[in-house]
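Read from first to last, the chains carry the letters A, B and C; within each, the first residue is number 1.
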Amino acid sequence: MAAPRLDLHPDRLLPLDPQARAIARRLYEQVERLPIVSPHGHTDPRWYADDAPFSDPATLFVVPDHYIFRMLHSQGVDLADLGVPRRDGAPVESDPRRIWRRFADHYHLFRGTPTRAWLDHSFATLFDLDVRLTPATADIYYDRIAERLAQPAYRPRALFERFNIEVIATTESPTDPLDAHKAIRASGWKGRVITAFRPDPVVDPQFENFPHNIARLSELSGIDATNWDGYLAALRERRAYFKGFGATSTDHGHPTARTCDLSRAECERLFALAITGRCSPEEAELFRGQMLTEMARMSLDDGLVMQIHPGSFRNHNPRLFESNGRDMGADIPTRTDYVRALKPLLDRFGDEKSLTVILFTLDETTYSRGRPARRPLSRLAPGSGLVVLRRPARHAPFP
Amino acid sequence: MAAPRLDLHPDRLLPLDPQARAIARRLYEQVERLPIVSPHGHTDPRWYADDAPFSDPATLFVVPDHYIFRMLHSQGVDLADLGVPRRDGAPVESDPRRIWRRFADHYHLFRGTPTRAWLDHSFATLFDLDVRLTPATADIYYDRIAERLAQPAYRPRALFERFNIEVIATTESPTDPLDAHKAIRASGWKGRVITAFRPDPVVDPQFENFPHNIARLSELSGIDATNWDGYLAALRERRAYFKGFGATSTDHGHPTARTCDLSRAECERLFALAITGRCSPEEAELFRGQMLTEMARMSLDDGLVMQIHPGSFRNHNPRLFESNGRDMGADIPTRTDYVRALKPLLDRFGDEKSLTVILFTLDETTYSRGRPARRPLSRLAPGSGLVVLRRPARHAPFP
Amino acid sequence: MAAPRLDLHPDRLLPLDPQARAIARRLYEQVERLPIVSPHGHTDPRWYADDAPFSDPATLFVVPDHYIFRMLHSQGVDLADLGVPRRDGAPVESDPRRIWRRFADHYHLFRGTPTRAWLDHSFATLFDLDVRLTPATADIYYDRIAERLAQPAYRPRALFERFNIEVIATTESPTDPLDAHKAIRASGWKGRVITAFRPDPVVDPQFENFPHNIARLSELSGIDATNWDGYLAALRERRAYFKGFGATSTDHGHPTARTCDLSRAECERLFALAITGRCSPEEAELFRGQMLTEMARMSLDDGLVMQIHPGSFRNHNPRLFESNGRDMGADIPTRTDYVRALKPLLDRFGDEKSLTVILFTLDETTYSRGRPARRPLSRLAPGSGLVVLRRPARHAPFP
């Protein structure tokens, strides 16, 4: 039997209704050829620094993508059999072709998911595959993709150019010296890859190795970050350093949107607890909330746009966290409040015209409050897929 | 370049699908020419009492409409530049044409909003405008609207009749002597404008000047309202007074739908705290909840329908509240519980056949619970845009 | 005037859009003739055991169906006038024709409801009625249905066969000796009716007569269930007994999805409180949560699939509960959390490949979290109308 054809419907992401589809097509045609400006593109800056070929299909598509391996894991496939590394260094599957075949064996699970839509698009448009991925076509896929990845046109910089990317922001911790970004700049390559300041490891007392992260912050900034004032000064220094590598935004992945506006004494008390690892969960939440407000205060000075994406319950599966660490696909969206949570930050800085905060939401019910009436906008302007506070600032994520 | 045309699509509020649209049209044609019965029409009774011409386009459309000025404010326009009065009496923009131009400069912000749909409808059908409002057409609009407002056909009573309004309810506080309603009646005009009893200022201990409002309640009712029994008696007296001006309903804008059924001693204790301004936030919430139950009890006697519209976090922006007061567009819909919140009231009076409660919701997720099953209706009957409890009562809002 | 026709549109449950409808039709045609496998069919096993004719239209359709009588009750009809029995044995309407007429008088209330869609389908396809149910056709309906119910083809077993039911699960309490199931088996009839283990009466300390139910559990299991170990052993014995009558699943109707993983000492303490009726509401919730985890543990041993349907606030109307008992239509869907609630159970057993948990939801907002991103699946896989945890187990509800 011939393998089923892989056909990408040209309107596959547009509405079904013919009139709505015609409008959607017109809109899409206006943006289709525009360059990509990606303020939140989770790619590894090392790709662009080294411009090394991607090694093989499994290591590119399966091993690092928690949206893929979590689906298989939820259906009983062991992560080790997919080559996902363990924290203890115990051996995992190392044959990329076998990993790829296991993926192909379970590809039917992705029917109707955005993951499948994205993968099929990549297979068809980048690798000229015209049959569907099935157990029977697994090797055809593997060989074709492997062959292409070895070609110069499939190296990271070539793809960056082929994709017509005007600028992409990677995301780094303040404890990152940005060596990859330095290397990109030193290379003379013209692709615009900038960093974004993601301080979770040094503002969330519940982050792994928080005290260690603070020590590293002191080291990199050259400022003693073990007291409240020094800590804030060190963060300011790192923000300036990140701006030197193009950063136009900060990025905050908090469990909730809670913000606080505490007294100086309370801030000092919480920080002292945090750096000794003795915060209660509620104190950690207060500290994170205070740090959003501190980040807003610093944004008023240096113009970085704040991106907040709250509402993911991270590392829900403790056994998986122990064996494989974070970002293993065990993050689950939760109900998220913005109205009360953001009030302390907004009460302090919400009327500043130069502050821009972009709120992402994983909880679509946010959009179902207020529709019957004309939508209240003065403090919180829900959009499509994100919520934007205040007017576009002087300092948009990309000029 | 010619200004873009203002065309109202005849099916602009109907579904896109041709079959659904045909059904919607048939339904609409059945109601299109019916008179308007408006149980919740936020118009000023002084309009109908005085029948004075509206002064100018800005004072009619921009200055008093928080759905409009909040949008501009959220994009960085100062309220003072839109002529919105300040509490301290500091000067604000007083030239209506300049206010109108600023509005026109930002009219693109309303694309896709119900506010725009309503405004364009008004501009086209009332003022025969056939170009869109843009900075270039701002003066054309201003002059046309100003010219019309000066004509007798654009006075409030003439518009009331032109709009085929059978009856409209305005909303007044128990501390309002209803002078405008008296004047309407004395004028001999036949338009039916009735009041609705909105007791928030005297049942919400967190309302501005609550103790003062209670003093005013005593004064107007002729009953000492500074003790629990007198307070209830004064409210009963004011309800009767409002019924004398046509009231068929009460109207309650509480932060939540919470109701209580407390002991007499607890009611007295909370009231004593409230009138001295010493309620904690939780005590204020309890008191408001108790007062919903008290209002239900009074409704059983006098037949007024209860309208409850919970779920708006009011005056979210304290700086704005301080500078300009309430209703400045800083109200934000919040997640709202009805099932637990209404239980105390329903446990007490929910089986009374003569009680009618209309629940409005700003939180559409209310409708997304229970769809898979046949919808539970015995206590809570979600409808379209409102929730009706119990059967249509003897005393519908309008007979 | 002729009575309005009862026409069932062949696509009445399919989407309106022609293209979506064509796809839906193709899908439906593939399943239309498949036998029914009903893992959650709330029918009375006595029907199949006795195979007695249904007595009359009202007793079949109105008196036992809370989706029907709650609608009428919400509009002011007394339950006694619909023949719904009272706990105190006080007389209620006993003339089925009068009950049926009252139902017909209010049938318009069901317009647009799933209840109406299901009833009209039954009337048309089973009773060949081709006019709508109205006050004018009430007697036509009554006579036709009554006549048919007296025929052998309308007895429960004949309908079971006509409906092409492969297997149906009824739901029984552990305190049920399953006499009806015994009788079905003894009868030699080949219809496959199995039981499902629904332990709410013996795991929910707030269930009516909980201490009495535990005594009954001891009696039926032959194990002293008045201490924690004996209680668990007795539950295990009853699960085995239910498996002997075909059970493949358990069924849990908890107010919330909360689960717990408490220490043995805490379990013993809570159980001791529970059997003496002294649990606080919070302790009862903890106990129920612990029992979900215990049920999961037992499922690992005996392979029963867990069905959890949380989120119904049961018996919301205390007056109705007092007069008529439970399942009187006073259950209301509430907002339901799964992410935090299920964590203790999942932390303990969520990685066991042989555990299958089916989560039902009454709160559709569950599906609105996570759409923008590729859906997180590793712990919680939302589907259409139900949520399935982990892969299909060895022991599916029906082999």
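Following the convention adopted for this analysis, contacts are C-beta pairs under 8 Å (C-beta built on N, C-alpha and C of every residue); 3 or more make two chains touch, one makes a residue touch a chain.
Predicted model only: the values in this text are computed from it and were never measured.
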item: Homomeric contact subunit B-subunit C: same or different residue positions, threshold half; value: different
item: Angle (degrees, nearest 5) of the CA superposition of subunit A onto subunit C; value: 120
item: Approximate Å spacing (C-alpha centroids) for the pair subunit B, subunit C; value: 42
item: Multi-chain contact residues (two or more partners), subunit A; value: 17, 335, 365, 368
item: Subunit C - residues contacting subunit B, complex; value: 16-17, 67, 70-71, 73-76, 113-115, 118, 311, 313, 316-320, 328-335, 361-365, 368, 385
item: Touching residues (chain side subunit C, partner subunit A) in the complex; value: 17, 19-20, 335, 337, 339-340, 343, 346-347, 350-351, 353, 365, 368-381, 390-391
